[in-house]
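Both of the next two complexes hold chain A, though its partner changes from chain B to chain C.
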Partner chain A sequence: MRKFFPVEDLARDERFNQITMNDRMADQRTAITTDSRPSRAANRIVPSRGDASDAARGLMHGIFVGEIQALEGAGRTCWDFTTGEEAPFELKLDMARQCWDEARHVEISIKLSDWMGSEIGEYAENTVLFQAACSSDPVLRLAGVNRALEGLAIDVFTTMKEFGEVAGDQYLEFAEDWMLADEVTHVKMGSDWLRKITENDPERRKKALDFQSVVDKLFSYGGTRSESQESPIGLARRFRELAGFDDQEIDVIADLSLAALEERKAAVLEAQAAHN
Partner chain B sequence: MADAKKPRAPFAPWDRRELPGLFSVEESARRVGAYKWCELKLFEALGGWIATVPELDVKMRLGAHCYKHAWHAELWHKRLPELREMNPDRLSVAPNEDMVNFIEALTEPEAPELTIEKLVGVYRVFIPHFISAYTFHLNNTSDITDAPTMRSLRFILQDEFEDWRDGEMLIQSLIETPAEVDRAAAHQARLEKILLAAGGITGSGTIGFNTLKHEGALA
Partner chain C sequence: MTVEVTPTTFTYVYFDSAYIARIAQRLIGLFHLENHNIRIDINETTPLAKMHIEFGDPIVINIQSGAFEDFSRPRQQSEPATTQSLGRILLKVRDRLSPEFANAPADEDLTLVQVAIWETYCVARLSRHDIDINRQRWLYNFRNRHGFNDASDRAFEKIWNSNDLTWEQLQNISDTAIALVQ
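Take a look at the complex of A and B:
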């Protein structure tokens, strides 16, 4: 088995349809709408939204495939680096623990998708999460995956938990809350290891934090996650604090996400103008 | 209630534990170091394979089992200093070159159509050998002096039995043709031959045969 596994080779059964972030952003349907309804001032996934069920199902499928890739990424970190020389033994133990947690999250996501009325493969699988787990430096993987992506998972699970709570769906609320607990643990693992390994290597720490920033921006999905009500997913400040983010770090992500939302809105207007 | 001052036997009539054991402190530490190395190699492989198997149920099982073996490695890592090995890395090694060859052969399959080979290597070869080695240790070490190792062995053996059953059921569900039966058997035989040369997880004498009495052991 090779060290370092390319994203194109991720093994899936025939139900899955994989796309890249470029594919997703290049899809004109995400920018140009023929829908005659006025655009919403608030896009947050709440039961009162007309398309709330579809949006929640789509997000749930996104969580499902994200959990698969998180499982695969943590597994690859167990394998890709030589124990002791390239990655500490204890870091690998944490990654193995994350494998088990992510495997359970895949199971939970399948049960929840079924509960919400969707099927495996009903939506495309964006493979960008695994791409962030392909760095040749384990510290960059921890920054990109555990801090940026698992941080996003905290935001997503909080939004879904609140959706379940408001909708009176205790099944959804219960499961999301349990997954949220695991994600806080994973983000904390990333924060702790990042600080420990780069304690005497400020250059490596900066590189890792820069990489995290790139992934954070990428995963703001053009404003899908921000503190604005225009974003479907909110920023879960309290749980991020529990996971080891300080106020300044959370502010940076909040600003980054808002900027991504504004960029996306401008791009949509431009695309619509060109279309008309 | 009996008189509190009345002397009682230090070992109750139902307590049949005995002092003698087959392993000296050094031999127990050597074995524990080999266990750690093997569990480490196994959890690394399971983790690496997750991305390579297309079957969703197998993918999830590998993720769960990856952690169990990491936990076993951690238990052995923590036991080593208690056995006077203050540098656990020194004993966290393969017992011999054949064992290194076995791990190389075990982790060779990568292609998505080789799930049977991946699972056979783990669940029909490696884990049964873990069960044998751990059972031999449990049954032959001193009930009293090596009780901490025995406690870990019991926890770990429970995992191994459960994982073996999970894996065997997955293999049986994946094998659909006589040709696949042959494939599984051929891969098993290939790996078993390498492990035979290695003498088992801790090398020659893993389950007693060809075992020399170790200095300092009581038997």
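Take a look at the complex of A and C:
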């Protein structure tokens, strides 16, 4: 079986259309407004938003394709590295457990999408998640996938769980809560293995944390996730703490996300000025 | 009757104004709105999908680009999405022009619940014109505004299967569903 599988070769049927981060960045439109009035500026996916159910459906589809890629990423980590020399057996065992979880999350996401009235492939699939799982160093994969990406999953699931709770959609609320518990475990696996493997290798740890920072920045692109109500997805501090992030690490992600939001707002102003 | 689409060329999205006009003309004929001049203004700077009507001559329909977009191919136009969005808003135009909806609040005064019942009523009628509609999507939207319970689902069914409701009847179905679970 082939090792180190490129993103372009992921198996998908004709329902899926894949896009890259470059495609996303080429879209100059934005839902973020330069209007600072709270009623206009709030973009958080909450039931009181006018387009709440459509926004939630879109995010649910994003979760669905994210779960597929997380499954593929964890599966590759089990296979791409030799046991013992490149990756400890116990690490692979954790990745196998994660595959089991992600496969179940895919099934749950399909059921929730049906429930919300979405079809598989209705939205584009951004492949950035799997790209973060293509590093040749297992520690970098854990930093990029388990800590940055699964960290984002914690933020997304918390937003969706709260949406279900406020809307009174118990299926959504409970399913997201169960998946959230798994994601906290996945992030914790990443945090624990990162510390363990790089215990005596500060340079490798720094490299991994730098890679995580790059992935975190990519996922914060356009201010999609931050503590501001202007971002569709919030930052779930409490669950991140449970997953092994310390306060300083969470503050760094919060600052990074807020900076991405401000950067996007400045770009919007610039684009508007050019357009007028 | 004239149909105008602005802008005529797009810079943020890959939309075709002549194609949009053709779809609008077909729907205008279907809904017997031929006696009105209609202008469709598309805001291509946002991916959101809000729509708003300004009555006058012409009747102006403001639409954000997400309403016509193929979400699986960002920035590309979707024929089904264009038809569904224009169909919904044109049926709302027709309702607003009829005496049965004379007492409906102005758009800016509609509550989220009122928006949901009216959209359900528009989409349901649209589905009977052989236009492909995902019923579950609109049921989910309705449940979000009326609660996830049997009373809400019965109200949805009633609106979905109706063709000639007045605003008061529509509002009454919704009020009854909400009152039953309070």
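Please note the rule applied: the second predicted complex is superposed on the first by the 264 of 276 C-alpha atoms of A that agree within 3 Å, B and C clash if a C-alpha of one lies under 4 Å from a C-alpha of the other, contacts with A are read in each partner's own complex, and residues count from 1 in each chain.
Just so we're on the same page, a residue touches a chain if its C-beta (ideal position, glycine included) is under 8 Å from a C-beta of that chain, and two chains touch if they have at least 3 such contacts.
Here the structure is a predicted model, which is why all the values come from computation and not from measurement.
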| item | value |
| --- | --- |
| Side-by-side fit of chain B and chain C on chain A, or clash | fit |
| Touched partner set for A:Phe89, first chain B, second chain C, both or neither | first |
| Partner chain in contact with A:Asp216 - chain B first, chain C second, else both or neither | neither |
| First (chain B), second (chain C), both or neither touched by A:Glu72 | first |
| Centroid geometry (CA): angle chain B/chain A/chain C, rounded to a multiple of 10 degrees | 120 |
| Chain B versus chain C as contact partner of A:Glu150, first or second or both or neither | neither |
| Which of chain B and chain C A:Asp23 touches, first, second, both or neither | second |
| Which of chain B and chain C A:Trp115 touches, first, second, both or neither | second |
| Partner chain(s) touched by A:Glu249 [first = chain B, second = chain C, both, neither] | neither |
| Partner chain(s) touched by A:Glu230 [first = chain B, second = chain C, both, neither] | neither |
| Chain B versus chain C as contact partner of A:Glu176, first or second or both or neither | neither |
| Shortest span in Å between Cα atoms of chain B and of chain C, once chain A is used as the common reference | 18 |
| Residues of chain C defined as touching chain A within the complex | 11-13, 44-50, 65, 71-75, 112, 115, 134-141, 143-144, 147-148 |
| List of chain A residues in touch with chain C within their complex | 16-17, 19, 23-24, 27-31, 47-48, 50-54, 57-58, 114-119, 121-124, 167-170, 271-272, 275 |
| Residue numbers on chain A that touch chain B, as the complex places them | 1-2, 5, 9-13, 68, 71-72, 74-80, 83-84, 89, 92-93, 95-97, 99-100, 102-104, 106-107, 120, 130 |
| Residues of chain B that touch chain A when the two form their complex | 40, 43-56, 59-64, 66-71, 73-74, 77, 89, 107-110, 112 |
